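You will see two complexes here that share subunit A, one where it goes with subunit B and one where it goes with subunit C.
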Partner chain A sequence: MKWIKKHLIAFAALAVLGYMLVPNVIVAAFSFNDPKGKFNYNFNEFSTEAWTNPCGAQGICESLGLSLQIGVIASLSATVLGAMIAFALGRYRFRGRSATNLLIFMPMATPEVVMGSSLLTLFLMLGVPSGRTAILIAHIMFCVSFVVVAVKARVATLDPKLEEAAADLGANPTQTFLRVTLPLAAPGIAAGALLAFSLSFDDYIITNFNASPSSITFPMYVWGAAARGVPVQVYVIGTVMFLLALIVVMTAQLISSRRHRQVV
Partner chain B sequence: MAETAVLSTGSAAPRSRRRRNWVPYALLLPGLLWLVVFFVLPMVTLASQSLQEGNVDDGYVFTFNVGIYLDALKQYWPQYLRSLLYAGTATVLALLLAYPLAYFIAQKAGRHKNLLLVLVIAPFFTSFLIRTLAWRTILSDDWFVTQWAQALHITDLLQAVGLTANDSLLSSRFAVIMGLTYNFLPFMILPLYTSLERLDPRLIEAAGDLYASPWQTFRKVTWPLSLPGVVAGTLLTFIPAAGDFINARLLGTTQTTMIGSVIDSQFLRVLDYPLAAALSFILLITIVSLVSVYVRRAGTEELL
Partner chain C sequence: MMDRQEKGDLSLVALTKSFATFTAVHPLDLTIPQGSFFALLGPSGCGKTTTLRMIAGLEEPSGGRIHIGDADITGTKAHQRNVNTVFQSYALFPHMTVLDNVMFGLRRRGDKQARAKADDILELVQLGQVAGKKPTQLSGGMQQRVALARALVNRPDVLLLDEPLGALDLKLRRQMQMELKRIQQEVGLTFIHVTHDQEEAMTMADSIAVMNTGRIEQLGDPATLYEQPRSTFVANFLGQSNLVRARVNPGGTDHIVTVRVHDTDLEMAREHLPEGVDDVWLGVRPEKLRLGEAGGPNHLRGIVRDVSFSGVATQYSVEMPWGQELIVVQQNDGTARAALGETVSVSWAAHHGFALDASQDAEAGAELVDDHG
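Entry: the complex of A and B
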């Protein structure tokens, strides 16, 4: 009975994982398609055309470049801002703590369409033109909270005695921070940065409110393609991003587990 | 030794704390300023925009036109209701699907834990628009999924309960709700995983030793201890799902339009800013009130 129950959970878990991964398998398979019409919805004929010519569809690589650029700048900025807030929350007592927590929580509890449209009204009122800068401002805004949560979770698990020990051994606060706190919090900061990048790279709804015709991000390109006809190159880029993410995360885990073994 | 102990506990620590009182505020300032200017302030301009009258060419005048909220609700209440219903259903489905997977990864996966976690997160990196397009392929009429569903009379069943309008799976309420469930599933799994990972397996063993059935163990031990994850996960799924319109547009029909779609097109295509702002503000108020009632009832204050 116990055996059946244990394996029932495993079976259910794997079925759900399958549900989550099926679209990625389809995307990978259809990146080798040579579709009949403009849409890549039915498998017609095997072809490596899109893989050998990934920029073959007009504007696709420009939009990818813009998304990568925005993703890097937005995630780095949000990581700096968010990590600072997380350290303040995790390491200091101060007044206004619950107000701060509420302000961090609110962007996560607001639908994207509300954030995007409200920013648009602000930019309209101030006369800020839509485009790359507006998109960057928006992306940094909605990424900060997620970075705070990721870094705070890590900071909360750190033993404050380590910092006290550093202070006892004569390190000044800056040294303690740079040589003890920061390295220990690094995995949380990395996780927050990665999360911020993926949120920024994948955002369509907020971006669409603040973009101009000259700032077409990759998700906007895909959205436009969904109406006009989807080039196979879209599926190639989707597959490459998936594989890159797998490689990056697995390498990071290998490094951290090896370091862990050395320490222990 | 004694001297350093006295130094660090006696005089140095309080003095340094007093001197460094400004440090937390300095750390908070840039980030919170960003959120105040680009998150809180826009809510004010959104509210103000909704109460103005005018048009894009001649400009707007603040007239405190509250009536627009009634017009907005009168005209678009079906889209609001639909959004809440779809998002609510998708949230319940996501919870049912995510729980066994999160439990398995947290408690049973052993050394495969990290690999499984990576597989949960990795699909994120293929743009969710592309993955939603892939569902168009999976659910299309020519594919085996629809054909099997027809052969097994699942399509008849879905049609009988009103989730589809005909023999197809695509372009239906079913497809939209399925897409919402799929797209926000990782947001349910990760918080659930975090709280289930903290669960001490010895508590489950103890319940078994005390003759609790597996169901009783789940109801009295596992579920209550995973509640913080359940609350966080349902919020992170429901909120974005209620405002989403990608799934409704790519997998649905004009009969499945959600409120996000209306807001988007009123702002960007119709350019009726006051009405669009009112619609957006109503959605915000609805979500915030639902969330605060829910959080209070669930009794979890430490969401962050």
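Entry: the complex of A and C
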């Protein structure tokens, strides 16, 4: 009884963790199913069929490829743009600074449905055809806000004296940025880039508004398939994505804890 | 190790800095000889850091020029100046090892012997064994030495030190003062050391500029500043002073004049009397006063109001008939000590007194001295 009391917090934590992980466990388990009929909702028989043939369902790998491509380009572009905005906002006083600070939050605050539909209207007006380019522009746009927030938080903690010290030691502004500012802001930039990638990869609503029949992203594919019966391959890809995310997060934790240990 | 030509003295000509609402540094003229250890001493907010930042190129002057030797460097950027700073907060790069921190400046100039020079300098500041560590793994005193090494290794024309010892405890501070002085003599560079600790300035510097509210009050070697302060601010900020109101008597010899303090005539050296003033503050340092008659021809009688014994010396507070208390510091040399309430004579030699224009505030600077220094 005492033992239970003592470890109550651990039990509570495990329970919450379990609650959060159940969906992932189900997805992983059902990726090994050989479903009876079209719907993968009852565990029928163990099979590695979907794992050995992940592109087996028609169109699935094309949509995954498109999502990865858009995710990489959108997150890279948004990271470059967002980091520059964050440095400008964090380091310099200029006219329109507080307005920019406020407006940068707008895409985060606007409901996605509203943004998606208004973007579609805009693209139609400007004659931008629906499809991959339109999706990319939209993704970069909403990812930038998140990158700015992540990088700005990091820039705010940087001691401006360090940049002065670099200049004092003979580093010109470019060298100062590359050797001192950028390395110190790197964790914030990496966090912003990862966030941007997962937001872009995951996005359904805005994407759906601006897609064409030839630009089916992975979330759109899954959504479309759900009506007809989700192929087991979707569960495989879901599991792989989850594992990848886990590895990335754990690596980041490891790096930061190693850094931390050096600090103490 | 000396691979740079001697560049000459640093001179500031009417150097000024005004911020939006107020002037931090009033037109400042100063020449600091090459190779000297110069201290800029003054209370908090008097403009010391601002002056250093203008020399380093981190702050743009509102007016005036900065020269090193014959070269006018006023218009150049910080990274173009051969001037390095040891920041008050050290500002070490946290993402680099100690060695990389020290090599930072050399690498910017593409120095082929960066590694060897860095090793040498780390040896000089006795940090060779921590070269591979990150700055945050080091103690405050070690970080201070890394900051010093990082600046020194570049052999700057001028090394600026902005209260580098401020964050250290007293014992470590005394130790680092000696170390800094030793290193300066060893490398022979011009050091400008900013501090608000008068004792630190006096023990370390060849010459001191005492700054107050953006102006230099007095410039000189430590002994002159201490023995012959030219303002009540310097008299109070640099050690303690007894200042009594006096009126100069007409006449006297070439060497000695007499001044009247209440009902007593007292002698002082004529050379210590400013020209053309009759009403003065007569100043005597506490350790120049003697209890009894042995100190010299000047005597004042009073009652001992306070005695505090500190081991090497005893400090007395002696109340004069007009109510003012004089501080007397007596070496603990075996002579008898006076008791509380005793009536005593206080005496001193004529040449130990100095006089300051009485139009100044006698308390100026006294409240700004910090005791922990």
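Methods note: the second predicted complex is superposed on the first by the 238 of 264 C-alpha atoms of A that agree within 3 Å, B and C clash if a C-alpha of one lies under 4 Å from a C-alpha of the other, contacts with A are read in each partner's own complex, and residues count from 1 in each chain.
In this text, a contact is a pair of C-beta atoms (placed from the backbone, for glycine too) under 8 Å apart; a residue touches a chain by one contact, two chains touch by 3 or more.
Predicted model only: the values in this text are computed from it and were never measured.
Asker: Under the stated touch criterion, which partner chain does A:Met84 make contact with: subunit B (first), subunit C (second), both, or neither?
Answerer: A:Met84 contacts subunit B only, not subunit C.
Asker: What is the contact status of A:Ala167 with respect to subunit B (first) and subunit C (second): first, second, both, or neither?
Answerer: both
Asker: Is subunit A touched at more residues by subunit B or by subunit C?
Answerer: Subunit A has more residues touched by B than by the other partner.
Asker: Once the structures are superposed on A, label A:Phe94 by its partner contacts, choosing first (subunit B), second (subunit C), both or neither.
Answerer: In the superposed model, A:Phe94 contacts subunit B only, not subunit C.
Asker: Examine A:Ile104 and indicate which partner it touches, taking first as subunit B and second as subunit C; both and neither are also allowed.
Answerer: first
Asker: Do subunit B and subunit C land on any of the same subunit A residues, and which?
Answerer: Shared contact residues on subunit A (touching subunit B in one complex, subunit C in the other): 164, 167-168, 173.
Asker: Provide the residue numbers of subunit A that touch subunit C in the complex, in ascending order.
Answerer: Against subunit C, subunit A makes touches at 159, 161-162, 164-173, 175-176, 179-180, 183-184, 262-263.
Asker: So in the complex, the part of subunit B that touches subunit A is made up of which residues?
Answerer: For subunit B paired with subunit A, touching residues are 4, 8, 16, 20-21, 23-25, 27-28, 30-32, 34-36, 38-43, 45-46, 48-49, 97-98, 100-101, 103-105, 108, 114-116, 118-138, 140, 142, 182, 185-186, 194, 214, 235-236, 239-240, 242-246, 250, 259-260, 263-264, 267-268, 273, 276-277, 280-281, 283-284, 287-288, 291, 303-304.
Asker: Considering only the defined contacts, which subunit C positions touch subunit A in the complex?
Answerer: Spelled out, the residues of subunit C in touch with subunit A are 56-58, 77-79, 83-85, 87, 89, 91-95, 104-105, 108-109, 134, 136-137, 150-151, 154.
Asker: State the interface residues of subunit A toward subunit B in the complex, per the touch definition above.
Answerer: My answer: residues 5-6, 9-10, 12-13, 16-17, 19-24, 26-27, 30, 40-42, 81-82, 84-85, 87-88, 91-94, 100-101, 103-115, 117-122, 124-125, 137-138, 140-141, 144-145, 148-149, 152-153, 164, 167-168, 173, 198, 201-202, 204-205, 208-209, 218-219, 222-223, 226, 230, 234-235, 238-239, 241-242, 244-246, 249-250, 253, 257.
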